[in-house]
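Shared between the two complexes below is subunit A, which has subunit B as its partner in the first and subunit C in the second.
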Partner chain A sequence: MKFSRLIWANLTRKKVRLLLTLGSFAVALFLFAFLAVVRDAFSRGGGIASANRLVTINRVSIIQSLPLSYRDKIQNIPGVQSVTHDNWFGAVYQDEKNFFPQFVIDPENQRKVYSELVVPDDQWGNFLKDRQGAIAGDSTAKRFGWKIGDRIPLKATAYGGGAWEFNLDGIYHGTRPGDDETQFWFQWDYFEERVPQSFKGQAGWYTVRLNSPDDALRVAKTIDADFANSPYETKTDTESAFAENWVKQFGNIELLILSIGSVVFFTLLLVTGNTMAISVRERTGELAILKAIGFRDGSVLFFVLAEALAIALVGGFVGLGLALLAIPILGQSMSGMLPPLVISKTMLATALGFALLVGMCSGLLPGIGAMRLRVVDALRRI
Partner chain B sequence: MVSVNADGNSKALIQVRGLNKTYRRGGEPIQVLQGLNLDVDKGDFVAFMGPSGSGKTTLLNLLGGLDVPTAGAISVAGDEITHMSSGRLTEWRARHVGFVFQMYNLVPVLTASQNVELPLLLTRLSRSERKAHVEAALAIVGLQGRADHFPRQLSGGQEQRVAIARAVVSDPTFLLCDEPTGDLDRKSADEIMALIEELVRQHKKTVLMVTHDPVVAARAHTVLHLEKGVLVEAAKSSPGAAAGGAA
Partner chain C sequence: MAIPVIYNFRSVKERWTSAIVAVLGIAGTVGVFVAMLALARGFRATLVSSGSYDNAIVMRAGATSEMMSGITLDTVKILQDEPGVARLEGQPMVTSEVVVVAPFPLRSTGTDANVQVRGVSANVLTVRKNVKIIEGRMFQPGLSELVVGRNATNTYAGLTLGNRVRFGGGEWSVVGVFDAGDSAFDSEAWCDSRVLDDVYKRPTNIFQSATLHLTSPDALQALKDAVSKDPRLDVDVAREVEYYAKQSQTFTRLITVLGGLVAAVMGIGAIFGALNTMYSAVSERGREIAVMRALGFGALAVVFSFLIEALLISFVGGAIGCVAVLPLNGFTTGTMNWQTFSHMAFAFRITPNLLAGGIIFALGMGVAGGLLPAIHAAMRPISSALRSL
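Presenting the complex of A and B:
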């Protein structure tokens, strides 16, 4: 386009100012991407959770356990396809900061209930035969450089403490983006054998797989009704409701992130709006000359908007590019503490959309000012 | 021929009749132009003089379609411009008027040739045609060698010459110059005036120029004074005429 040189010349008029403005966009977009990904990770609980799974915990709290004897009763409720039980282990690998979730699993039913977490059959076979066997999620295995056959020592912080050793027999992968690949599983029998008497015969929670999601409400009510008025009353929710409640423990993350995000964008708007206003005011005389020569009011508005949008677009791309590079690294280093961080195309598009909106708004007022500028007044003023 | 009477030459290139311009400052009307008449033929070179605040810039702005009069009519080559919409007026300016102002003529981030090219961006000329026109215009003002210089690398006189090249590059119907030498030293001013004279003489341009400098004004074919809102013809005050003592 023949006007592009004029727009380019105006853009690069003050290099430092251009870099600072681009930097503002880049930083804001980077922050936006990071916040959006974290928000998404926390709220995904509901999204990634299966609609056809229920979680049954002790009515008092998840800390309290439930008798293993509930297993068969739950299995017999119509609509239940399979049921499995887990315990939270919570041991330390080398150092406290190396956190990852460890579950004592029921090998017989694990793969029926969590069919999206896949272990190759040969590895699974070895695991079943190995009392001290363990399966790790791909991300945790990569994090510590574990290979199949490695011996993995854990220091228990509960269940009487002590050093536990495991053989890594297999690695599982999630089949959907966002599936949690940080978990560490080991055999229920090995656990029962070593823990003190008071922990034997107890499960932390049950996970129930339904034939159809339509049965969720009925089955949940039936389970809770069956164990009402017993010493161990239950509370059953869909997996998504369970995940949401779990996230709520951390406070209102959604609101926190939304408010930080709004402040970031509002600040960006003020900064860039001010910069554009100054940069347009500086060239009042030139704009007047352009108009005198015969450039139309609309063209002048277009020049200012094109400039603002170009800054927003380039700054935005830089920020999102940095986010694409940095978020996987951040996610890795916080692995286990946060749900997996997933960068989605929708998020990137939204972020870029916001950047362009801010660019548009920042250019609009100065642009309209430039459009309305009367040549005679401008030449008299300067 | 230039005339300042209402019954002037009806075939003149520029015809101004009964031009009024009244500004309002705080409710107080300031009558700047009051029934001004003017005819300018093609190829004329007119200088407007008058004390500061007499309305010279106001008159030039009206003639150039940058402002609209309170009353009266201006027609240029048959086009009545006083009733044009602002959009039409903008197009008309692009086609018919070349402006040279006292200051701030050039876009500082564009080179001399890019500045000269600006009016051509509004035409349908191809890139190579534009390049040829720009080179020709820079040659007329004697700045072929400075095409890639930025305004800050040029002297005041050279900047003004670039402005003149830009004013003529699209071959407009007439040129309007508002104190084109107002910011220059004597020597540069003389060079600029020599250039404008050459445009009139060799390139048959029509030039209307405002100046407060009698030496500069003396270069024009006709000098008109703006007094009490109308134009009056100045008696040619050559030294010979004064010595002759026609009294």
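Presenting the complex of A and C:
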């Protein structure tokens, strides 16, 4: 491009200002990326939940349990591929701050239902043989520096309390981005053996895997109808509906993040718009000379716009680059407080699009002003 | 000699467009900062105000919340006679309680939220003195009657006075509304614990917690000592306020960390904006500065003058940010309390301290954004600046 040197010279005329404007863009894009990722993390529950899974809980509430005998009855419903039962354990590892979800699992069916969470076969084999065995998600294992073979003490808060010890036999990984890698699983038999009588033979909830997602509504209705009017009525939902409902109880995080995001963008637009306006104003004389020596109005507008867009693009890249570096670290340090943070390509593209849009808007106003400039007036001012 | 402040006012007025940009940048940052902290404080205040200094809550040893705890009727009977427990007309002021959750739709979105339902003893109002019936009446022991908190009746559909609701396999009539002074209890529904046990098919002689009214706030230690010496008891005793303060930790920390992070990054952006404004102010006014220096104002006076200008801009920005979020004060929202899996309504709480914090934050940004340009202005050689006239 033959004018690139002119644009470059204009850009670098005030280096401090250039750096500051780039900085504002970078900061705004960094924040945008961070907020978008947090928002995603909260609303993802529904998104990554499998469409062919149902969750059955006690109709009364999530904290009431269901009899274990329901498993075989659910298994026999046509359309059900496999079913597994879980319990929430809620014990404390060293300190209450070190929260991670612990599930008592049914080793027989766990891998059939949650096929996306994979454990190497040899590790799984060791786990099956070990009554006090446990499997941890990769991110939790990394968080506490656990290695396979470690002995992990937990202090139970429910189920009669007491100290429990587990051997870490394996580490599971999610196969899709955003899969929850913070869980801690251990054997149903070990749990049953230790808890007081009143908790035996009870499952917290059932997770049902279907042959086809099309059966979801029918199977959910059949399950609930089968147990209607029993002492333990059920409520069955698709996993995504269940997760969404859970997330909604956190309150309107979407609104919170949208309002912060718009404040950030509005501020950014003002800052860059102002900078562009100042730099064009300072150069009134030069622009007039450009026009006097024969540059067209369109070219003048183009110079100004190109400058604004270049700043937007570079600033945007810097900000997103920083976000790519920082978000995994932030995600790790807030593990246990926030769902896993995942950076998606769509988010990056949207962010860059926004940056260009802001650059465009901020260049357009002073650019049009420069275009309309009457050479005589401008030169007279010099 | 100092440069008169009126000069700064006039020059801000002269370049109002860029001043407004800097002001709004700072206002936005301060607004987000104050709003996030107000959210965290509101949540914490709601939980903390649930507890009283002269009440003690007893749960099974090791339990971190009532949901996880369980104590037997025998334990409660032993506790009643421990030293430090207050008595009213010879009866111990103790309420032994059962806590469950029941799904009710939120009025705002129609989605189900887990409402905490608390089975209490009939004398609960004498133990929890911050709770008062404001409409209707107290439930009658033995009947399926509910009294609901003020927030609960406003937030969840169906929990209105005179209504009949179904949950947990029973039908209940709402006979009263209570005010618990904006505490977490305001989001709860209360009923007779024995009726709740019956409807939820729970064993009747197991409670989740007992709350004891103390003869005086200082009596807690005596009670703790007595309990720890008693071999029949395996329980934890905590002051009610401390128990609730602990429950608020996770959420408060999350919001404070998130809010602090966002405000810090936005603050950097706002400082860039302020720097830009001040630098262009300095470069546009190179001649003025040179003239002032030539007139005999010292370099320090110029630095001060520009700093004052930056502080002026940032103070206005901070004030606007604070005023803009002020309407949020008292705005009620809700979230899940992770410790109990139940939904709780709470209000943003903006305190004078928080506003002062916002202004200080703004002034800090002003100094960070104004100092370098001010020094830059004062360092420029007078002769060359005047030559460019």
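One rule holds in what follows: the second predicted complex is superposed on the first by the 380 of 382 C-alpha atoms of A that agree within 3 Å, B and C clash if a C-alpha of one lies under 4 Å from a C-alpha of the other, contacts with A are read in each partner's own complex, and residues count from 1 in each chain.
Here is the rule we go by: contacts are C-beta pairs under 8 Å (C-beta built on N, C-alpha and C of every residue); 3 or more make two chains touch, one makes a residue touch a chain.
Small disclaimer: the values here were computed from a predicted structure and weren't measured.
When both complexes are superposed on subunit A, subunit B and subunit C fit side by side without a clash. In the superposed model, A:Thr175 makes contact with neither subunit B nor subunit C.
By the touch criterion defined above, A:Glu233 reaches subunit C but does not reach subunit B.
After overlaying the two complexes on the shared chain, residue contacts for A:Gln332 are found with neither subunit B nor subunit C. Residue contacts after overlaying the shared chain place A:Gly23 against subunit C, while subunit B stays out of touching range. Of the two partner chains placed by superposition, only subunit B is touched by A:Ala9; subunit C is not.
Contacts of A:Asn76 after superposition: neither subunit B nor subunit C is touched. Looking at the shared chain after the overlay, A:Ala292 reaches subunit B, while subunit C stays out of its contact range. Once chain A of one complex is fitted onto chain A of the other, the partner contacts of A:Ser344 are absent, as it touches neither subunit B nor subunit C. Within the superposed three-chain arrangement, the count of touched residues of subunit A is higher for C, of the candidates subunit B and subunit C.
Contacts of A:Gln94 after superposition: neither subunit B nor subunit C is touched.
Closest approach of subunit B to subunit C, taken over C-alpha atoms in the A-based superposition, is 8 Å. No residue of subunit A lies in contact with both subunit B in one complex and subunit C in the other.
Subunit C meets subunit A in the complex at residues 17-18, 20-21, 24-25, 28-29, 31-32, 60-65, 67-70, 100-103, 106, 109, 111-114, 167-169, 200-201, 203, 249-250, 253-254, 257-258, 261-262, 265-266, 268-270, 272-273, 275-277, 279-280, 283, 333-336, 341, 343. Put simply, subunit A touches subunit C in their complex at residues 14, 16-17, 20-21, 23-24, 27-28, 30-31, 34-35, 38, 60-64, 90, 92, 96, 99, 155-158, 160-162, 198, 231, 233, 245, 248-252, 260, 263-264, 266-268, 270-271, 273-275, 277-278, 330, 334, 337-338. Against subunit B, the residues of subunit A that register as touching in their complex are 2-3, 5-6, 9-10, 12-13, 283, 285-286, 288-297, 374-376, 379-380, 382.
By the touch rule above, subunit B contacts subunit A in their complex via residues 57, 61, 64, 66-67, 86-87, 90-91, 93-95, 99, 101, 103-110, 114, 118-119, 121-122, 127, 166.
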